[in-house]
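You will see two complexes here that share subunit A, one where it goes with subunit B and one where it goes with subunit C.
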Partner chain A sequence: MRILSALVVLLALATLPFWVSGYILGVLTIAYLFGVFAMSWDLLFGFAGEVNFGPTFLIGLGAYSAGLLDNHGVPVWLCVIAGAVAAVFGGLILAVPALRLRGPYFGLITLVAVLVLQQVIVIFAGVTGGEIGLTINDVLSLDPGHNYWLALGFLLISGIVLTLFSRSAAGLILQASGQDPIEAQVLGFNVVKHKLAAFAISALFSGLAGAMLVFYLGTASVDTVVDISVGVQIIIAAVLGGRRTIFGAVIGALFLIIAGEILRPLGQLSTFVVSAVALGVILFFPDGLVGYLLRRRERA
Partner chain B sequence: MRTLLEVAGLTKRFGGLVAVKDLGFAIREGEILGLIGPNGSGKSTAMKLIMGIERANAGSVRLAGEEIVSWPTHRIARAGIGLVFQHSRPLHRQTVRENIKLALLPDSLLRLVADRAVDEHARLIGERVGLGAVLDRHPATLPFADLRRMELAKAIARDPKVVLVDEPFAGLTLGEVENFSALIRSFREEGKAVLLVDHNVKSVAALVDRVLAMYLGERIAEGPAEVVMRDPTVRRVYLGGAIGTHARDIAPEKTGVPLLHVSDLSVLYGKAQALEQVSLEVHAGEFVSVVGLNGAGKTTLFNAISGLVPYSGRIIWEGTSLAGRTPGAIARDGIVQCPETRELFGDMSVAENLDLGGQHQKPAQRAERLAWLLDLFPILQSRRAQMARTLSGGEQQMLAIARALMMNPRLLILDEPTLGLAPVILEQISRALEVLRQTTPITVLLGEQNVTFALPHADRVYVLEHARIIWQGPASRFAEEAGAGYL
Partner chain C sequence: MLALQIMVDGFAISTLYALGAIGFSLIFGVSGVLNLSHGGIMVAAAVAAWFIAGPLGAGQYLGALGGVGIGVVVALVTYGVVVRPIQRSRAIPHDETEIFVLTGTLLWGIMIQEAIAYFFSDSPITVRPLISGVVDIAGVRTPANEILTAVICWISIVLLWLLVNRTAVGKRLLAASINPRGLTLLGFELSSVYLMVWVIYGVLAAIAGVLLATFLGTSSNNIGVLTASAFSIVVLGGLGSVSGSLIAAYIIGYLETATAYLLTPTLRTIPSLLLLVLVVYVRPQGLLGRR
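Right after this comes the complex of A and B.
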């Protein structure tokens, strides 16, 4: 029944390019990629129990690696794959020492990593375009419908992979590692190994989505893929949708992007309204929108 | 019979505190060893050292002849040591069966689908520990005893050679204790070596082959349970020496209204009953002791009075109910607790810790009190600039009491001040309490396991056992009426 209704919704979404404007498709394309960012983040926060304040470190690595390679004439698809590899590689370099620390230090290190990446991009402006941004010459596709389908397909595949992984045997161990690392170790599980694997998977999808985003936008800039505020948006989206649900993160991301777009005529006020709504949901439904519905079903 | 677990020369220091000192013992196949000791004796640390959760400073732990002392926890677990936690944090979104399955999984990143056999195996283990009927329920809906069964099931699933069990019977009813004992005995029949860690001999006596008693990190006795229970050193540690009492020259005046009146107080921790229908009263100027073994509910009682845990029943302070008051408001109103964990600010100096205690007083009063306290505990004077965490255990306890007294309490609650302290320190603290009792109008509520420490100063005594008050009366009648059944 649930699968059937999901298929119906998916089919409806897939037909959108036939009857809505290019503008709406554009907003949804960005929202879908944003949904992948949020899902990847939820794998770390909800399952591995680690707060990653720097999702944009991984996204930025993917985005800029892809963008820079494109400027050197590397084929688009190779750029996207290279972006993903760079995100995983950079993420592991960061996570291997950070996961050895206890308490809030992991989160702090990920936060500082974003600031460092941002500075590196600004300092090496000659190569990276600095604060103005890096112009990308190629696109995934010129047709908004094709871009939309690519993003939707990518969201669907990421969602299925992340959901299956989180529900697999390895995902069960990951949840145990996140909730009670000592007990997980007593049961014979190498907690650091499992958290690193989760970090690598999260980095893989973040990097892929980051690379796809710059090809869609035609530019890679600090403001859109690296800045702390982008990371905060991703975190809000995931928490808003519901921790430890994967699917909830997509709902949260769609809500944030679409609401922000609808309220755009309000100008500065739109950010305020969206933030206020998000704050209200987190305060009164700490399990998030999807989490709240799941909880109600569990109790019933 | 093969020796499975061999511990020798095990030592662990936390800063200046020696938690475990040159500890050694061995457990053979099919043997159950009880490791007992009062709170702070180092038994839990010893268990964590064996499991690799804490790193030993020196010593050796051998599992079936192989040295494992420097291994990480997960490797020790894979090699064949299992640990049953007293409290667990199960996976709440998964069912009981899935929680047990977790323990059956290999430590692999690539195993995405568990074998079908794992499912069946989890069911069999669940049935063995008596969870057959609730395998598909979520942990949150289970009673406390079933959650402990689930912990046991996880340990069984790992099929360890050595099983460490932390407080096997805490929070269980008598019938459940029988069930659990049978399960632990089944480990013996399977040839596993079992280590039961508990506060006192009484609770594990029926089950163990041998008992090792610890105090201040060291072994003080070893042998069959009856022998250890009669051991003079063990009796001194739990009961103190000969029980002495000092009736006061002038008995405090009992007015009609008690200063503190607790009635029908019950506290639940999740599903475990920590206190059941406890009633007691403390009159102004009285020194009242609540004695009971660790785990009887003393700390819970004090935390309820201080507003730190939710409760049912009534707590009346000077005629008004304390229900709904915040811990801060209760403390400012004159009920000051000196907790068993001391809760000092470790990175602040002795002087700063004392100043914090006096924050709510006028400067002149504060200076006067400080002078009086440094006179009561002269050692603190010489340690004024030292960081609290670098003090010895006894000095830390004195600082904790002094800080509580800085708040000028009308009722001082002292929770187990003897915890982990050597006898000579106890005498110093005891003398300070006597000075306090003789020279000030302060009211004291003392919680203790060590009866010898608790009785001399007490005007009245309550005995707490298994969450209930089972005896009350003047200190002079304790030895005769309640002393025998205490340990």
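Right after this comes the complex of A and C.
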């Protein structure tokens, strides 16, 4: 029943390019990529129990690596793969020492990583375009429909892979490591290895999505892929949708991006309203939208 | 000459950093809260001071006082509306309270930022200095306001030290940071202790915010950076250690000033960020932190 309704929704989403405007497709394309960011973050936070304040470090690495390679004439698909590799590589360099730390310290290191990356991009403005951004000459596709399908397909594949991983044996060990690392260790599981694997997977999808976003937007800039405020939005999306659900992160991301678009006439106040709604959800439905529904069904 | 210039300028900036970070550290030490709306409270106080002094025409002294008052009010609202409900919520698992407080205060900080940008402006403002004039310190021309800033900060820090170590209220704060359950068993109301610490925190953060704005100017866009710098200083010094924050503030303040003068101002924050990363790797509990 659940799978059937999911298929119906998916089919409906897949036919959107035939009957809605390019503008709506554009908003949804970005929302889907954003959903991948939020899902990757939820894998680390919800399951591994690590607060990563720097999802944009991974996304930015992927985005800028892909963009810089593209400017040197490398084919687009190779750039996207290279972006993902760069994100995993950078993520591991960050995570291997950082995972020795717990709680706020791990969070702080990831936060600092973003600040350093941001400064490096601004300082090497000659190569990276600095604060103005890097112009990218290639696109994934000129047709908004194709871009939409690519993003939707990518979201679907990422969602399936992440969900399967989180429900696999390794995912359960990961969850145990997040909730009680000592007990997990006593049971003979290698906590650090599992967390590293989670970090690498999170980095892989963040980097891929970052690279795709760059080719969709046609530009890589600090404000769109690196800035802390982007990271904050990802965190809000994941918590809003419901942590430890993977799927909830997508709903949260869709809500955030679409609400941001609808509230655009409010101007500067739109961010205020979105933050206030998110704060309200955290205060009154700490399990998030999806978590709340799941729990109600369990009780019924 | 240059060395002296760095000494003088670095001192004022470091002292401001210290005052901002000490409040942040105090809150964490006593109630275990990392308040990510810290920068928001500082900037709200500064903007209030600017608005009362300038557009309302009440002069810089009333402005500064009003700014501190508003800062305290915002701090109390942060506690009452965001932190306390999360701590008391039954729906939030106990071991996840910390991350919810982090996320909640982060959102609250963004709301403060957007509200200031909407009702006032997001372009930089400068609060009028409390005193004007320039003093010559061994050949370095220093604005008198910079000296006054350092003096006010140090008076506040000393007063805080006296309050914590020499008064009954302060002893209760200390006790709450060491063993909250013990304090409750002795018949003290823990929530009134927390209320007290948020008032003290509000005063400290607001003074730091107003003084920073007379000195470097401020804008709602600075909120994130201010929070991040307080967070880094506190972690470098050791979470919950007030004297550690003090030392760390001077290290970071001087490192930044020296970089700005000796290399280039654009690199200003890089060495301190790298130092922070290094310290956290080698000694995660910070300089004076307890495990």
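By our rule, the second predicted complex is superposed on the first by the 299 of 300 C-alpha atoms of A that agree within 3 Å, B and C clash if a C-alpha of one lies under 4 Å from a C-alpha of the other, contacts with A are read in each partner's own complex, and residues count from 1 in each chain.
Quick note on the criterion: contacts are C-beta pairs under 8 Å (C-beta built on N, C-alpha and C of every residue); 3 or more make two chains touch, one makes a residue touch a chain.
Bear in mind the structure is a predicted one, so any value in this text is a computation, not a measurement.
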Please tell me, clash or fit, for subunit B and subunit C sharing subunit A in the overlay. clash
A:Ala259 in the overlay: touching subunit B, subunit C, both, or neither? Say first, second, both or neither. neither
Touch test for A:Leu293: subunit B only (first), subunit C only (second), both, or neither? neither
After the superposition on A, what does A:Arg244 contact: first (subunit B), second (subunit C), both or neither? first
Examine A:Leu101 and indicate which partner it touches, taking first as subunit B and second as subunit C; both and neither are also allowed. second
First, second, both or neither for A:Leu16, with subunit B first and subunit C second: neither
After lining up the shared chain so the two structures overlap, which partner does A:Leu172 touch, if you call subunit B first and subunit C second: first, second, both or neither? first
When the two structures are overlaid on chain A, which partner does A:Leu164 contact: first (subunit B), second (subunit C), both, or neither? first
So, does A:Val191 touch the first partner subunit B, the second partner subunit C, both, or neither? first
Is the number of subunit A residues in contact higher for subunit B or for subunit C? C
Shared subunit A surface residues [contacts with subunit B and with subunit C]: 179
If you look only at subunit A, which of its residues touch subunit B in the complex? 164-165, 168-170, 172-173, 175-176, 179-180, 182-191, 193-194, 197, 244, 298
Of all residues in subunit B, which touch subunit A in the complex? 51-53, 72-74, 77-78, 82-83, 85, 88-89, 91, 93-94, 98, 101-103, 105, 107-114, 138, 154, 158
For the complex, give me every residue of subunit C touching subunit A. 34, 82, 85-86, 89, 91-92, 95, 98-100, 102-104, 106-108, 110-111, 114-115, 117-118, 122, 224, 228, 231-232, 235, 239, 266-267, 269-270, 273-274, 276-277, 280-281, 284
Per the touch rule, the subunit A residues reaching subunit C in their complex are 45, 51, 97-98, 100-101, 103-105, 107-109, 111-112, 115-116, 119, 122-123, 179, 228-229, 232, 235-236, 239, 267-269, 271-272, 275-276, 278-279, 282-283, 285-287
